[in-house]
Amino acid sequence: MRILVINPNTTVEMTKQVEAALNKVKQADTILDVTNPSSGPDGLASACDEIVSGYEVLKIIRNTKIEDYDGAIVACYSDPGLVAAKEICDIPVVGIAETCIHFACLLGRKFTVLTSSRERIPSKELYVRNAGLESRLASVRALGVSVVETTHDPARPKDAILEVGKKAVVEDGAEVLILGCAGMAGYAEDVEEQLGVPVLDPSAVALKTVEGMVRLGKKQSKVAYFAQPPKLCV
Amino acid sequence: MRILVINPNTTVEMTKQVEAALNKVKQADTILDVTNPSSGPDGLASACDEIVSGYEVLKIIRNTKIEDYDGAIVACYSDPGLVAAKEICDIPVVGIAETCIHFACLLGRKFTVLTSSRERIPSKELYVRNAGLESRLASVRALGVSVVETTHDPARPKDAILEVGKKAVVEDGAEVLILGCAGMAGYAEDVEEQLGVPVLDPSAVALKTVEGMVRLGKKQSKVAYFAQPPKLCV
Amino acid sequence: MRILVINPNTTVEMTKQVEAALNKVKQADTILDVTNPSSGPDGLASACDEIVSGYEVLKIIRNTKIEDYDGAIVACYSDPGLVAAKEICDIPVVGIAETCIHFACLLGRKFTVLTSSRERIPSKELYVRNAGLESRLASVRALGVSVVETTHDPARPKDAILEVGKKAVVEDGAEVLILGCAGMAGYAEDVEEQLGVPVLDPSAVALKTVEGMVRLGKKQSKVAYFAQPPKLCV
Amino acid sequence: MRILVINPNTTVEMTKQVEAALNKVKQADTILDVTNPSSGPDGLASACDEIVSGYEVLKIIRNTKIEDYDGAIVACYSDPGLVAAKEICDIPVVGIAETCIHFACLLGRKFTVLTSSRERIPSKELYVRNAGLESRLASVRALGVSVVETTHDPARPKDAILEVGKKAVVEDGAEVLILGCAGMAGYAEDVEEQLGVPVLDPSAVALKTVEGMVRLGKKQSKVAYFAQPPKLCV
Amino acid sequence: MRILVINPNTTVEMTKQVEAALNKVKQADTILDVTNPSSGPDGLASACDEIVSGYEVLKIIRNTKIEDYDGAIVACYSDPGLVAAKEICDIPVVGIAETCIHFACLLGRKFTVLTSSRERIPSKELYVRNAGLESRLASVRALGVSVVETTHDPARPKDAILEVGKKAVVEDGAEVLILGCAGMAGYAEDVEEQLGVPVLDPSAVALKTVEGMVRLGKKQSKVAYFAQPPKLCV
Amino acid sequence: MRILVINPNTTVEMTKQVEAALNKVKQADTILDVTNPSSGPDGLASACDEIVSGYEVLKIIRNTKIEDYDGAIVACYSDPGLVAAKEICDIPVVGIAETCIHFACLLGRKFTVLTSSRERIPSKELYVRNAGLESRLASVRALGVSVVETTHDPARPKDAILEVGKKAVVEDGAEVLILGCAGMAGYAEDVEEQLGVPVLDPSAVALKTVEGMVRLGKKQSKVAYFAQPPKLCV
């Protein structure tokens, strides 16, 4: 099967990291096309970035022969443009945040989302509430490391993930940790080993989920929330 | 005071209707600049439209001397781009949906939102849940009339509002009705008289709210959810 | 327009403070009649006080030519007698707590209510839950200063508001602070400047809200929760 | 033990009905003093009535040698003045609504409250939400019979209870019915037999609960929500 | 009346403690048969134990002439097998956890459950959420003492209850404490005296509740959640 | 990889159906061992059956060389014994209900669960609430067909699924249907085609999910809710 993976920011380095991480866990017969927009933010750090990135995600979908794909992934933990992408596609589309929070609920009663900066906490909490999973959320905690730093300076985020993740487990009762930024993905294994709880790379979870959807022949329902728009303006 | 009112769709006729409605209720010393984008959807009928319109709203703000205004209103019941607009502005910005649902809670225990089509129900319900007001929502009911029809054929929406609004009151326990589309605004008075419950035109409510904010010297808090973005990509 | 403002306690000094504060923000053409009962508690510090004050509020309304007013405000953060006042009046009536918590939701994702003493925390939390806004509440925090002290010794409450308000922002994630007692009103401006988040005086918010209601010709719905009582016993 | 039972309305006939019903189920060694105020509403039909009745309940408590009692019951399904009564008493005080909704949860997953008129539905729903039991509520349904009629014309309420109660079971999934008015109490047995679900007379449930509290030596906690008021104004 | 009390674990010492505690508070005419299974866990410390104990509870009920009893109590704070026991019995059956959390809500706005070990916190929280009472829960706190230790070494649990209970009151706002293990029952009185808040022994609360049910002629509704199973496999 | 699939009831025919359904969607390299207990209920129709089946599931796990498997599935929509199974296993264990409700949330805003009989509705609703997904639940609807009939008479359940499923979509706003019984699995494809919404066979979803977990090297967290029991009594 052929899966389109859209990193919604312009940082090519992050696109490559996502591609490498997904190649490790994909099914043998899955072909991945990992791409990113050429304009828009280099990392999502605001609702403003989410709108612009969401718009770029939609343009990529419109400019791609989407019918050549079996599924698509929006690979940024803000899931920018996701609802719209599900509307305009006739193939299964998933976001890495939505798949990961639901998957986390199978592994523990409560999970913590690690995010870059303190200012992002309300939007990450709200995202979980939207999904209905607020009673499963131990906490959202900030690393104090920006999205782009996460990509460029590997040592800093790892130390921060370990320190903040430990607090989540000990103080908040987290049983599962979610690395709430595609750029943190590389640290999952090490952190998991040191903290003794499952640590999830959302992109990897999203890939296995969409592969499952394709295999089961399922895609988003088109009768209400994800109904095909009457007109397309993108 | 000077208020920027952005109709996020391209239908000039609707912009004029909003302007006329707001001129009736504005304070004597309020100056309104009512505008709309030149590209994007002609009425919001999908999450896809919301992304595109949200993007257009942000561009209007960026291309306006926003510091010349005391406040701003996003005048579409989907509040497209609202969180981002609050982030990038240093003046009070409100959406007509958010102000109206909170205002409705002062007038009755439960309110109903009237929307255009059945497919929009989940997103309108989710909007109320986001605000935390799901326990105050009697129902979201669809008129089966599109946003643009609402503007062009005045008789049809009025009949639909009366019929569906009555069901909301009798069957769902609604005590207040919200006309969940800027284009339905003109019918509030007539419907209110016939159904005997408050019927709210969200644009008018938003204007009085933002006038109050300006008078009180209040605007959105910039410490977390609406923090100024570190970089601007729009 | 003519607005009746009822301070539900017997402390004339507090009535005057409220009057002074409201005069600063009222519309030019708004005439305020600010009054208080001659019997009942001198400050509300218990559910018992709320019942007695609520009863006094109803008696004031019954003994006033209420039809000469365009709107009314119950000006105590416990909103004593508010639901009953809405029932028996045919003009818009608002409480300062209800208007302020809804207004706060337009300015930030989460707000904190500052109250006088620790014992009042559960009732303030419950009030927010009644409104349906528990997911928007960062915390209720107590100053450890009684309602009456708040009025008589200006230095103490201010220091307490600053200290406790800061904790609310830093530890609880509050983006907006509500001064949960009419007597704290005078400190809003100073505290806002020092803490960098909106600090709300509920009486002022209520006045702008009721002025807006009057201008829009709206009042509480009389079909269910605020239905006119079949008989009046007050 | 000695229990004070306060019917908060002035209808002596209803006081006698409550007394008769409680005498049937009390422990042998329980002595009941059943009383009612001489002023206030003759049946509670509004929030306004609740304030006045609440005030009367507090006055009865203040004018009684309350230390001669082991417990007290506020015997009206609106629980008027209950929180205040718990504050000012040092003996266990319960309301018939609060005890009954919690008791109902032991007998079935979902319960329905039958109330007199449609206008009372929002306040009854809100009462359940206050208690936190909204997920256990099948519905609140109105009989369309006033509180006083309930007392004076026995045939009408019984037919209404049977008809509306059946709808609650069949359409709303109610497993338990609560007769949400002290005056409906006499019909519990007959209705239960005909509908095949537990039908609760709240006064009787309250009596057994307060007897249990007295036997266990428990009363309301005085550290926060029910703290002794610093001053008493009643 | 005759009440069957099932301690679902095999520790005879605990059965005797429960019996002694219940004998102190039972009505004069109540006859208690307190029993325990001969196989299964000696104290419930996992969901696995709950399944096994639940199965043993059902076998005890099946092997008892249950029609000789007026009511039954499952006397372990995990309420193992409770829903099933309610299904298969035609007499009122209660669990000590369910009765105690509802009873606690009559005594204070928020309660804390004390449990043995940290690992049990999620299941105790979930139990409260199942009941719908999550908004009434101050916290679940662990003593760090195993269920069996609780029985065998009286000094340790008491110190732990005092220390952890105090934290619940001061830090979490608990107004009522629940001793969330049948084995902690003996300490209620002492702890209550020292901490100044009601401290509940769940078994005692359950006994008074089931005595009340029997006296009122009520038992669990059999129309839905507790419907008689079509076939019995135990 | 090697997956143990436990049908918790004794109906061998249903075990074979599950095996056949899973063989169609499994990865090429997945080896399935599908089994069922030899004693216990032949289909789960009560909480009593759930306890007995849960116990049987635990015994199967204990009597199996579980370390030879990479993952396990409890294949009955009641997920009997699931939490306990997750506790005692060191490999990923999933239930078909939990995986399916989370998966459904990726395909639509609201889902409906189809269950066998009306009496099972409360427990199915509660299961969804436990997961925190009550805001995503359109409804639970009963087919009026027993679990065993579902297996033995293929025509009847299919007609019922079509009729009841259509009501869920049209009246309740369901966007996704879950076949809430392993025995209904064979009808997913046909029903999906006729109703135009995704129809989920929970067993198939669970298989893809556990295959994904194995591939990602994830299993349930053992630090709290699913902690290894200190002693094993099964």
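Worth pointing out:
Each chain carries a letter (A, B, C, D, E and F) given by its place in the written order, and its residues are counted from 1.
In this text, contacts are C-beta pairs under 8 Å (C-beta built on N, C-alpha and C of every residue); 3 or more make two chains touch, one makes a residue touch a chain.
What you see is a predicted model, and the numbers here were worked out from it, not measured in a lab.
The chain pair from A-C, B-F or C-D that repeats the A-B interface, sharing more than half of its contact pairs by residue number, is C-D. Judged by contacting C-beta pairs, the busier of the interfaces B-C and D-F is B-C. For this pair, chain D with chain E, the centres built from the Cα atoms lie 27 Å apart. Look at where the CA atoms of chain B average out and do the same for chain D: the two points lie 43 Å apart.
Distance from the chain C centre to the chain F centre is 52 Å, each centre being the mean of its Cα atoms. Counting partners per residue, chain D has 109-110, 121-122, 126, 129, 134-135, 173, 175, 223-225 as the residues that reach two or more other chains. Put simply, chain C touches chain D in their complex at residues 40-41, 45-52, 54-55, 58, 81, 83-84, 87-88, 118-119, 121-123, 126, 129-130, 146, 223-225, 227, 229-234. Per the touch definition, chain D reaches chain B in the complex via residues 121-122, 125-126, 129, 134.
Listed in rising order, the residues of chain F touching chain A in the complex are 25, 27, 94, 98-99, 102-103, 105-110, 131-136, 169, 173, 175-176, 196-198, 200, 204-205, 208-209, 211-213, 215-216, 218-226.
On chain B, the positions that touch chain D within their shared complex are 109-110, 135, 173, 175.
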